[in-house]
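To keep things simple, chains are lettered A, B and C as they appear, and every chain counts its residues starting from 1.
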Amino acid sequence: MKSLKASTNITKTIIYVVCIFLAILSVFPFLVMFINATRSTFQIQQDSVSLLPSKYLASNWAVFKGKSFNPVVGFVNSMLSSGGATLCAVYFSSLTAYALVAYSWKLRQPFFTFILAVLMIPAQVTGIGFYQFMYRIGWTNSLLPLIFPAIASPSMVFFMRQYLMATLSLDIVNSARIDGAGEFYTFNRIILPIMKPAMATQAIFTFVFSWNSLFIPLILLTNSKKYTMPIMVSLLRGDIYKTEYGAVYLGLSLTVLPLFVIYFLLSKYIIAGVALGALKE
Amino acid sequence: MRNKGVNYAKYGYIFSIPFVLTFLIFSLYPTIFTAVIGFTDLRGMGRTEFNFLKQPFDNFVLILNNPTFRKSLGTTAIIWLMNFIPQILLSLLLTAWFTTRRFKIRGQGAFKVLLYMPNIITAATIAILFNSLFGYPKGPVNDLFMRFGWLDAPANFHMQKWTARGVVAFIQFWMWYGNSMIVLIAGVLGIDPTLFEAAEIDGATSTQIFFKITLPRLKTILLYVLITSMIGGLQMFDIPRLFLWGGPDSATLTASLFIYNQAFSGSYLYNRAAAASMIMFLIIVVLSAALFHLMRDKDEAKFRKAERLRIRNAKKQGELV
Amino acid sequence: MKRNMRIVVSFLLIACMSFSLFAAGQTEAAKAPARKVINLWSFTDEVPKMIDKYKELNPNWDYDVNVTIIATTDGAYQPALDAALAAGGANAPDIYTAESAFVLKYTQGDASHFAAPYKSLGIDVAKKLKEADIAPYTVEIGTNTKGDLVGLGYQATGGAFIYRRSIAKDVWGTDDPAVIKTKVGPGWDKFFQAAEDLRKKNYAIISGDGDIWHAIEGASAKGWIVDDKLFIDPDREMFIDVAKTMLEKGYHNDTRDWTDAWFADMKDAGAKKVFGFFGPAWLINYVMAGNSGGTKPGEGTYGDWAVCEPPVGFFWGGTWLITNDKSPVKDAVGDFIEWVTLDSSETGLQYYWANGTLNGPGGTKDTVASGTVMKKSDGTLPFLGGQDMFDVFVPAGAFASGRNKTQYDETINTYWRDQVRSYSAGNKSRAAAIAEFKQQVADNLAIAVK
């Protein structure tokens, strides 16, 4: 018994050492980023990694503000597009997953296989013609093309389906029916609350991805009133000959702050974890 | 579980409409478009019209015979394996640690939250940061190694093919293991807890429990992690591009980067780029199918077959009545 | 969960091609009369800021300017610009700018048919060019294959050799540019002799092989493409041997340009003290002054620099302004373009630019394309110990040539320098490096290599 306890303690120590090491590794780039936001461009060019803050925060902010765009507008646009995309993805993926779990319909299995196939289409293929299409329907300089495609997020549907299989009891659905609730009402009022933990987890993934995406917005949004935060940071990098690194890092830090807030708000669901069922059951 | 009321079947269709419509508009159309371009002579900036080739598969043949493309496929596979194997092992290990009932790890919540954090930062920032970390002739890693006496003179890491690949693989690994871990933990939490209890009563060690109970029941979720990671790995693009632009000497030139270069590095070979991405698509489909096949649940297949039979019989009986 | 979605964009250009199919009808409809809007596309806010100044000077020029800025660093500027040009219509760019790395595509290459000749903008090109004495290489680059001038810049980016006064005194007993230019040039043989002199006193002549490349590239007689085939000019081929020799003999600190170690060499923080850098005036303003470790003479290396003629002539960087041939507001655009590129008066853009007075006094001085403006401007810099940099940079513009450029340069240079590095690091043989280089050009650009 004693040796078992000793070995448990050794294992536990190893676990703590590994976890603490990984945690430090996780925090490190953020630290470098925040510290560089307080350093001047030339300090950064000399040593891009430093753990000593400097005193150029104000002047970096002046450079950032002195550009021909407004960081506040960028923040609002980023919020709208990422928030919109996340809502679309989370709501409609839950709805599709519910359709796959709660109803038995003829094309259910083929449809699920189809979703798995969609998952496999590489992004580089789906992107072909996307821009062209947006141009044709006049959706350039609009946040809509950043929001609506999120409705079809196959990987999230898969995740939600597995979650529903583990947690959904059809008795709830049936008793709601007996009470005379419509199907749509049942989904919105009874099923969605059950799915909250899974939705929160997936919301973090989607929000992070959408918030950081640069290329599609960069091409679609050419009007400075529509710029998102990453576009503004990218513009700070301007051209290779003259890059305001201090302001770039400040911009990156500002970009990541809202993500922090959202992430930590939703993190209780990551801590608690969500339960995903296996295929059968 | 299975009799869900036939009357409600139409809602299954109705609730799937938004997904299907969005997919058709935003994904299917562009996909078909690419496939078509692959069979044409469309190249050169500003070209508006294109003709179908007399030999429809010319672009595909050219790409398949392109030594750089072949090399890039190998590079992609190598870097993916270098990042995926440690990634899945570490996230499984962490999953085991965080879900086992034997060790009550304190600060678990904080660890989970922190370990996911590398995923929040943009790939561009990370790539540039690592480029500086491994700087030559002076850079933090070189300084550190020299201080510890591991190196006598600064090493030109950016010129070492395997170091460069290792760094790219490491970044990819480090950005995504937290994500995989969260999904895998979710999978473990979905396993019926009575199974673990029973095993514990039978005196199984936590290692046994993990391999005999947890892992087999994690199959579906593992498959999901495998497939998404494989697709992500085959599309690896911005880290290799921003870290060393595919260098040194094409050591980190991935297939996606190759495709990008076809279309963007000066000759605008759209038709070849399209052909190359269709080839990539086929490779992904084949590999995914293989994964599905390898990890398919034999019991489930049987179960489904039986189910189908049962429904058919039920229908027949219904017709008879 | 879709990782690396950015790859999506890899294909935007395919997209761009095709939507012009659909947009073709739109272009005609867009010719609304008396439009008072100008669409300007650029990759920094330099040119957009000039618009503000121009409006201030010309209140009657009452056009609204819609500015689109897309950085070149993420590779998005050209795809987006190409798309907008091909699409046409009311939102098409009227003025767009191009950087030296890709300007040829828009003046002589695949996208040159979009560019309007300056003469169609109401500019008396021949007279103005002569009057302003524009650096010939900027004209060469801005002239299309039919011989019409379609693009001009405002900067002159002819390069010089920027060296350390104290090191020059230690090695040759003088820091006089007139003497030092005879030590480091003309020609590479003299340069390597100087490198040897410096090495004996434990100095590096340059920081890394990237420094010398711009000069070698700019001085070669022919560009990478001759008769639609890859051509390796003997001068450029020599680079592979030079790079190896320099590394083996310790003539430089083996840094890579634009990395920490390269910047550090500007303030003596590297392994050996570095004697000099090759570069145009902007390298001093944007990069070296800030990285010298000081802000006034006596601090760091600030004030310990001087410029002299380089062993061979070259230029590096610059921005060209181009007009869309389909623009409905050509006259208004022409007025602005003429002010930026060809006005050599004291209220012309270039005069403000040269003297650093565009945004009020005390700004950064720079060399400009007009020799006439240069003559009446003062390029004295405390960073250079009080030397008038224009004395060196103006003739340097005349050495430079635009004839050896192609639209593939950015890509081909990357492949070439990568292979040269592999060879000099001892990772492969010379023949293997050149063979791999040719293979890369053939595979990625579909250019015949032999």
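For the reader, a short list of remarks on this structure follows.
Here is the rule we use: contacts are C-beta pairs under 8 Å (C-beta built on N, C-alpha and C of every residue); 3 or more make two chains touch, one makes a residue touch a chain.
The structure displayed is predicted, hence computed values, not measured ones.
The pair of chains sharing the greatest count of C-beta contacts is A-B.
Ranked by separation of Cα centres from chain A, the top chain is C. Computed centre separation for the pair chain B/chain C is 40 angstrom, with centres defined by C-alpha atoms.
Mean C-alpha positions place chain A and chain B at a centre distance of 16 Å. Residue positions 33-34, 37, 123-124, 132, 135, 179, 228, 231, 235, 256, 259, 274, 277 of chain B each touch two or more of the other chains. The set of chain C residues touching two or more other chains comprises 1-2, 4, 6-7, 10-11, 14, 18, 74, 79, 260, 264, 269. Counting only residues that touch two or more partner chains, chain A has 48, 122-124, 126-130, 132-133, 155, 205, 214. Here chain C touches chain B in the complex through residues 1-4, 6-7, 10-11, 13-14, 17-18, 20-21, 24, 74-75, 78-79, 82, 85-86, 105, 109-111, 113-114, 253-256, 259-261, 264, 269-271, 407-408, 410-412, 414, 418-419, 421-422, 425, 427-428, 436, 439-440, 443-447, going by the rule given at the top. Remark: chain B residues 1-6, 8-16, 18-20, 22-23, 25-27, 29-31, 33-34, 37, 94, 97, 102-103, 105, 107-126, 128-129, 132-133, 135, 140, 174, 178-179, 182-183, 185-187, 189-191, 217-221, 224, 227-228, 231, 234-235, 256, 259, 274, 277-278, 280-281, 284-285, 288, 292, 297, 299-300, 303-304 touch chain A in the complex.
Those residues of chain C whose C-beta lies close enough to touch chain A in the complex are 1-2, 4-12, 14-16, 18-19, 22-23, 43-45, 48, 66-74, 76, 79-80, 83-84, 87, 99, 258, 260, 263-264, 267, 269, 282, 286-287, 290-291, 317. Only residues 40-42, 45-48, 67-68, 122-124, 126-133, 135-136, 153, 155-156, 205, 209, 213-216, 218-219, 222-224, 234-243 of chain A touch chain C when the two sit together in their complex. By the touch criterion stated above, chain B contacts chain C in their complex at residues 33-34, 37, 42-50, 66-69, 123-124, 131-132, 135-139, 156, 158-159, 161, 176, 179, 228, 231-232, 235-239, 245, 247-250, 256, 258-270, 272-274, 277.
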